[in-house]
Amino acid sequence: MDYPTKQTKAWVTPQIVVAIVLFGTMPLWIEAVGLYQYLGVEVIIWMIFALGYNLLLGYTGLPSFGHGAFFGIGAYAYGLAQFEVWPNLWFCLAAAVVVTAAFGAATALFLSHRRGIYFALMSIAFGQIFFFIASKWTDVTGGEDGLLDIQRLPVEFGAMSLSTRSNVELYYLCFALFCVLVILLWRLTNSPYGRVLRAIKQNEMRVSFIGYKVSVIKWSVFTLSTAIAGLAGGLFAMAQEGAYINIMSLQWSGTIVLMVLIGGGFVSFWGPVLGVILYFVARDVLGAYTEAWLLWFGLMFMLLVMFKPEGLAGMWRDLLGTLVTRKAEPKGNPAKVEG
Amino acid sequence: MALFEARHLHKRFGQQVVLEEINLSFEEGRLSGIMGPNGAGKTTCFNVLTGRYKPDRGQVLFDGEDITGSPPEKIVRRGISRSFQIMNLFDEYTVLDNIVIALPGIRKKLTNPMHAIDADSEMQDRAMDILDRVGLPGRARTNSKSLSYGERRALEIGVALATEPRLLFVDEPTAGLGADGTSRLADLIQSLKEHTTIVMIEHDMQFLFDVADKISVIHWGQVIAEGTPDELRANPWVRRSNLGELN
Amino acid sequence: MFYDLIPHLINGVALGLLFALLALGFMLIIGVMEVINLAHGALFTLGAYGAVVMMAPDGGFPYEFMQPYYDLPAIPRYVIALIVGPLLAGVVGMGLEVCLRRTYGADPLYGLLLTFGAALVIEEVIRGIWGSSEYYLPTPKEISGGFIFGDLIYSTYRIYAAIFASVMIGMLWLFLNKTPYGAVIKAGAHDSEMVRALGYNLKVLRLLVFGFGAALAGVAGVIMAPIWGVRPVVGVDAVIPAFVVIVLGGVGSFWGAVSAGLMVGIVVALTAAFLTDWSLLSMYLLLLLVVTFRSRGLAGKASVLEA
Amino acid sequence: MSRVKQSRRGFLKTALGSGVAGGAALFGPWKHNRVYAAASDKPIKIGLTHDASGQFANSGQAEKRGTEMAIAEFNEKGGVLGRKIESVWMDTETNPQTGTRVAERMITRENVHFLAGAIQSGTANAISQVAQKYGCVYFNTNSSSPTESGKNCHRVKFVWDGSGENFSLAAARNAISTFGKNWFLVYNDYVWGQNTNDATKKVAAKFGANIMDEVAIPVGTRDWSSVLLKIQQAKPDVVAAAVGGDDFKVMRQQVSDMGLDRKPAWINNQQDWPDVFGLGADAAFGVFGTTWYHYLDLPGVSDFVKAYQERYPVTRISVPGNVTYNGYIAMRELLRVVEEVGSTDNMKIIKALEGRTMSAADRMQHFDAVIDPASHHVQQTIYLAEGNAAPKDDTDYFKILSWSDPDAIRASADDSCSLESYEATPSYDQG
Amino acid sequence: MNAPMLHVDNLVKTYTKGAFRKQETFRLEADFRIDGPEIVGLMGPNGSGKTTLFELMTGSNSPTGGKVVCAGRNIHNVRYDERDRLAIHYHQSYQVRHFARRKPAFMMDRAGSDYPLIHLFDEPQFNTQDGYIGFMLDFFRKLRAENRLVFLCVHPNERFHLDILKEICERFIFVQKGTLHHAVDFESLVALQPVQAYLGNLLTEQSVLEGEGT
């Protein structure tokens, strides 16, 4: 399993351009392919969430099974900031990010010196704690009903104000943030920090023996990924015009792991993006034909874990690899492609 | 004064006393060896010396400073580095990347997202120098997983060297190597000796007697004998053993 | 005041034993196989459904071809249910183990994910076969009903369930510690080389251990069914306390899990006496408190699982 | 958003869809072409948002049988306005998030004319927010939270079930005089439970009850032992429970296991038929409310039961209950109104529904019902019932004790409703 | 220091079987004292009670009667985790012990020492091939020189094992079926009847040392 071994100094790569073009035009063609605008909004928000989550899962190898909680905290923080403090888009989104990151940082204090399955178990426990508190603290979170009537606040730049009321408008707000995030994460994962994260995944002990304080790095990446989850959560609150508890449950926390893995988050920066698209489209299309869509999706997921844990991105890479090696040497080893 | 000193180290795991009373000192510029039978506590001793475990009692001094119980990263930053017996490489990385990530120059730019490692020619050159020293210059772009066993041993030492240590601990470098690999490793160690202070745990007594300046014998969690190879060989029982016959 | 607390304390002990029972199969699998079995809850549910089928008609599925069987008195049917439910879970568990084989040696995360997928699949299959609505597992009247004794009011079934749970815990302990099979299983938990050296087939051992752990989940399902009801998603309610108990007790420790189960039960029940709606939170707070000071739980040892 | 805008956007979308993507026709099967949509023989499409999983899966399916039955009956009579009625159903999973997405999809992709269905108020809220945004008329068939027709009311939403407050009002006065003053309240910790509990508390206090304690129960509570021990220690005369769905079933089971169903009198707000069915008359414990019962001694009831049984011969629930009834009646009324106004335009329909009176005979209840124009809440007869000691047959669990005139039990929560103005509600007509 | 280094005072350990009618299956009796530092050789067939004796002396096995006093302290009343600061039992290469904890630590004595006074080496692996024997023997002598009491338990199955004992030990104990036989030097040890029966041919084999000449 491997991300491309060659790192780059570029801010924008061909893949990023493709992604920007593809997602930038999505509102124009999404209905033509039989989907609907709101789905596009959900998809792009979950992509943001998944990209941030993959810093943790794919890059650092830390399987958090409680990340849905942070997504939810972001949504509540956005709503509360809007109701209680200042209904301004930038302020509310910033509040979602900061509040979630603060919760994430506190949680990470407990998790940062753990790894593997112990990490997973503890992250489940923390996810449950937040879920439980959110479900009980009705005065703040609205309990089982959630926060209702959250507004899609306009984007304000000085005197200019852009509405986000319609799904397409909101989509473009999310898209803009998505672009910024993709470029930042791309740079981050190609910096020494990103390389140390991957080193931690491969061999945590060795990382400490080349002079890095592993627990601090793990703490920081956990906090960073929760901050991104908070941003996604804030946007999701806008999309749904509400903040609801279910997203914080264990099932949803598991679902984000499932999406990232299916897409190939372990081997590719773009894995989470593919995974989110596959999940939502499968859900919508399969879901329209069969009530038991999760059965088929679950089976597909099991087969993938068993036979191709590198996910969609891994398949894609194998495909490219086969093509490349066929050209180069007929009997070459197709498993690895560098670059 | 010795560069590195361990005084009265005592370590238990549960009911088991692993280190009873360890007293060691290593001089700058020398190659010191630690040997002992299987299960004598060599590796635990190593782990305590390099910060992986904290001793229950006793002191570890480096360059006059107390570093007892310091976490590994602090010890590394002070200039002590180690290689592992069970190889601990970054299997997804190339040989070069394994070295690069261990360079202190990269560590200092950790939080700079603009810094692209592959475009940092200074660091790349430095890493290539180290690969030269451990004899792997031609393998820089190879994935570390596909190295041969002996090459992995060399890379293991290379990664430890990359942290630019004043003192290098090497844990059983010959384990699993054939005669050929062992002799090549002996050459490597000899050449490293010129620049770096080395402490080496070794099961293979002959190897150690060949390269070490001073040897400590550890058994039952304590140092049961100490001296230069010649002093140790003077023991009548040693002369009667394989080791004696060899010379 | 203290007198008032006695019923809650008794409730806590009973609850604790049930929590421990929930965690046992989970612990066995995590201890020997180093797999977090997220399908534990689904297997639990499967056991409960298996039992409901065997206990019908009152419970819900009066399959006609089984009519002669349903004419049996309740007690033999209950005993059969108590065997068939776990058996069903055990067999499915073994099937899952066969799938899991491909993940051995790889990142333990894959085992976790595979079982997560399996949980989805099992739950959907249950939904497909038996629908979404809730069923009850009827119990023989000897263990139903309740009694009131002063302020102490209690359900007979819970007393039965608590006793059953303690018997299961005791039997499992005896099995693990007093039989050669147990010795091999424990060896497998620490050292798979050792198992091979002892001349046992590791493949078969893992299959049986997983099946056994799954069957224990099924047992818990049958026992909890009359209390919690039987729905496709009921497993989630089971798997979360099991997590908490395992982390609290320390992975791989038998008595750690049992004492953690009891602790959780008592704490939940006692906090419920004062703050009913927040009582479940006390379970997590207890967990946080313990792992802050003992990072491997009450009785956990250093484990390969952390690597 | 005016109606003109709506259609212009529709046109734009079509233009972009076929122009930019070029091969829109390639993806044809999923996409309704607006050109065809304009034709008058286009079916009227109704989006059904019933739960099939989650806490209220069972009830969701029961109301689905009701709405689909009404649709089928109209289709058999030739549809509405000469057009066929189509329904599209998606599982809302008793989950507001899914509710939002399903509603968005129903409106923007399936282009439904109307939405109907909901048991849980959280999900209903989420759906109605989306519906209000687009202006799509939404029938909340079975969610009885007082907030649905109170603070969370919407211009496009019509609430067809009696609210928790209606039931409390119907039950409380009687209970105090019969059982005693010391009340213990237990409620599910979400909007329906909280508001129903508040209403009960207010009503009970008004009639002189002493509230000993109130306990909020998280949704999905599996273990009631602690609460029941508390109740036993407090020794109340009456336990008023606002607990719904699966939780209610678990509670009932554990109450009867511990033998607590005999001593304090239990007042349960409303017992939904799907929660009780199959468990025998014992399961109907305490005194509770309902909006309808299949052995009401009224004309039409037995025909309705028969029609249901013919249509659903193999369902586990062999007679319709209040949930199915509400779904059926609501859908029937919607289709009638469409026929009457001769259009699917949302404003026309909303105005026709507001203040609409429905005769008792037609609704198979004891009193006429009316849709309150200020809250969009159907004011209807509420029945009080208890377990039937002398059942006619094995479905006769309830013994109807009394029925209350809608006027006598009007929910005060309805006054807290302020509907969006007509102008603020987007015009919506899928043609 | 007036107290003897080690006083094994009327020590008795019995093992029984049967829950109701107890039958004695094994009985170990020991009563001796050693005043100063020494290297003591210990021999005896398997199952004779050597390891039991060591366990009793280190306090990891509790006696049926009598006591073991190390430097004035009754070892069975020293804190569990400090008993090995008085007497340490080396199995082949590491040191493990289990205590049945019966008393809380604060009710017990402290060891008063960081480094053990009595070192009990239980059948260390002597292998002529690797040369470690020489270091080990030097180590025993070093301990003796530092005023420690050293017990060296060997189950001789090669001639050089006897040579080692002869070379290094100052007094000997031979254990057989729970009974201790004491000898002040190697010659009087091999003169003992049971010892001769136990060693058999080994005594007549040629010594490695003699063969090579020292």
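Read from first to last, the chains carry the letters A, B, C, D and E; within each, the first residue is number 1.
Here is the rule we go by: a residue touches a chain if its C-beta (ideal position, glycine included) is under 8 Å from a C-beta of that chain, and two chains touch if they have at least 3 such contacts.
Every value quoted in this text rests on a predicted model; they were computed, and no experiment measured them.
Trainee: Mind listing the chains that sit against subunit C and also against subunit E?
Mentor: Chains in contact with subunit C as well as subunit E: not a single one.
Trainee: Count the smallest number of chain-to-chain hops linking subunit C with subunit D, moving only between touching chains.
Mentor: Counted as steps through touching chains, the separation is 1.
Trainee: Does excluding subunit B break the complex into separate pieces, and if so which chains end up together?
Mentor: Apart from subunit B, the chains cluster as A, C, D | E.
Trainee: If we define chain centres by averaging CA atoms, which chain lands farthest from subunit D? Would you check?
Mentor: Result for max centroid distance from subunit D is chain E.
Trainee: Which chain lies at the heart of the structure, taking centres as C-alpha averages?
Mentor: C
Trainee: What whole-Å value do you get for the distance between subunit A and subunit E if each is reduced to the mean of its CA atoms?
Mentor: From the centre of subunit A to the centre of subunit E is 65 Å.
Trainee: Could you state the distance in Å from the CA-based centre of subunit A to that of subunit D?
Mentor: Inter-chain centre distance comes to 36 Å.
Trainee: In whole angstrom, what separates the CA-based centres of subunit A and subunit B?
Mentor: For subunit A versus subunit B, the centre distance works out to 41 Å.
Trainee: Rounded to a whole Å, what is the gap between the Cα centroids of subunit A and subunit C?
Mentor: From the centre of subunit A to the centre of subunit C is 33 Å.
Trainee: Two or more other chains in contact with one residue: find those residues in subunit A.
Mentor: In subunit A, the residues touching two or more other chains are 132, 136.
Trainee: Enumerate the residues of subunit C that touch no fewer than two other chains.
Mentor: Residue numbers touching two or more other chains: 127, 277, 280.
Trainee: Who touches whom among the chains?
Mentor: Result for touching pairs of chains: A-B, A-C, A-D, B-E, C-D.
Trainee: Please give the residue numbers of subunit C that touch subunit D in the complex, ascending.
Mentor: 4, 7-8, 11, 14-15, 60, 127, 131-134, 136, 144-148, 151, 153-158, 226-229, 231-234, 237, 268-269, 272-273, 276-277, 279-280
Trainee: Looking at the complex, which residues from subunit A come into contact with subunit D?
Mentor: Subunit A residues touching subunit D: 25, 28-29, 31-39, 42, 132, 135-136, 138, 142-146, 148-149, 167, 239-242, 244, 246-247, 284, 287-288, 291.
Trainee: Please name which positions on subunit D make contact with subunit A in the complex.
Mentor: Touch residues, subunit D against subunit A: 13, 16-18, 20-21, 23-24, 27, 29-31, 52, 90-91, 95-98, 100-101, 104-105, 108-109, 121-122, 125-126, 129-130, 133, 152, 188-191, 194, 216, 218-219.
Trainee: Note which residues of subunit C are touching subunit A in the complex, please.
Mentor: Interface residues on subunit C, with respect to subunit A: 30, 34, 36, 38, 99, 102-103, 106-110, 112-114, 116-121, 123-125, 127-128, 236, 239-240, 243-244, 246-247, 251, 277-278, 280-281, 284-285, 287-288, 291-292, 295-296, 303, 305-307.
Trainee: Spell out the residues on subunit A that touch subunit B in their complex, using ranges where they run on.
Mentor: Touch residues, subunit A against subunit B: 1-3, 5-9, 184, 187-188, 190-193, 195-196, 198-199, 202-203, 205-206, 208-214, 336, 338.
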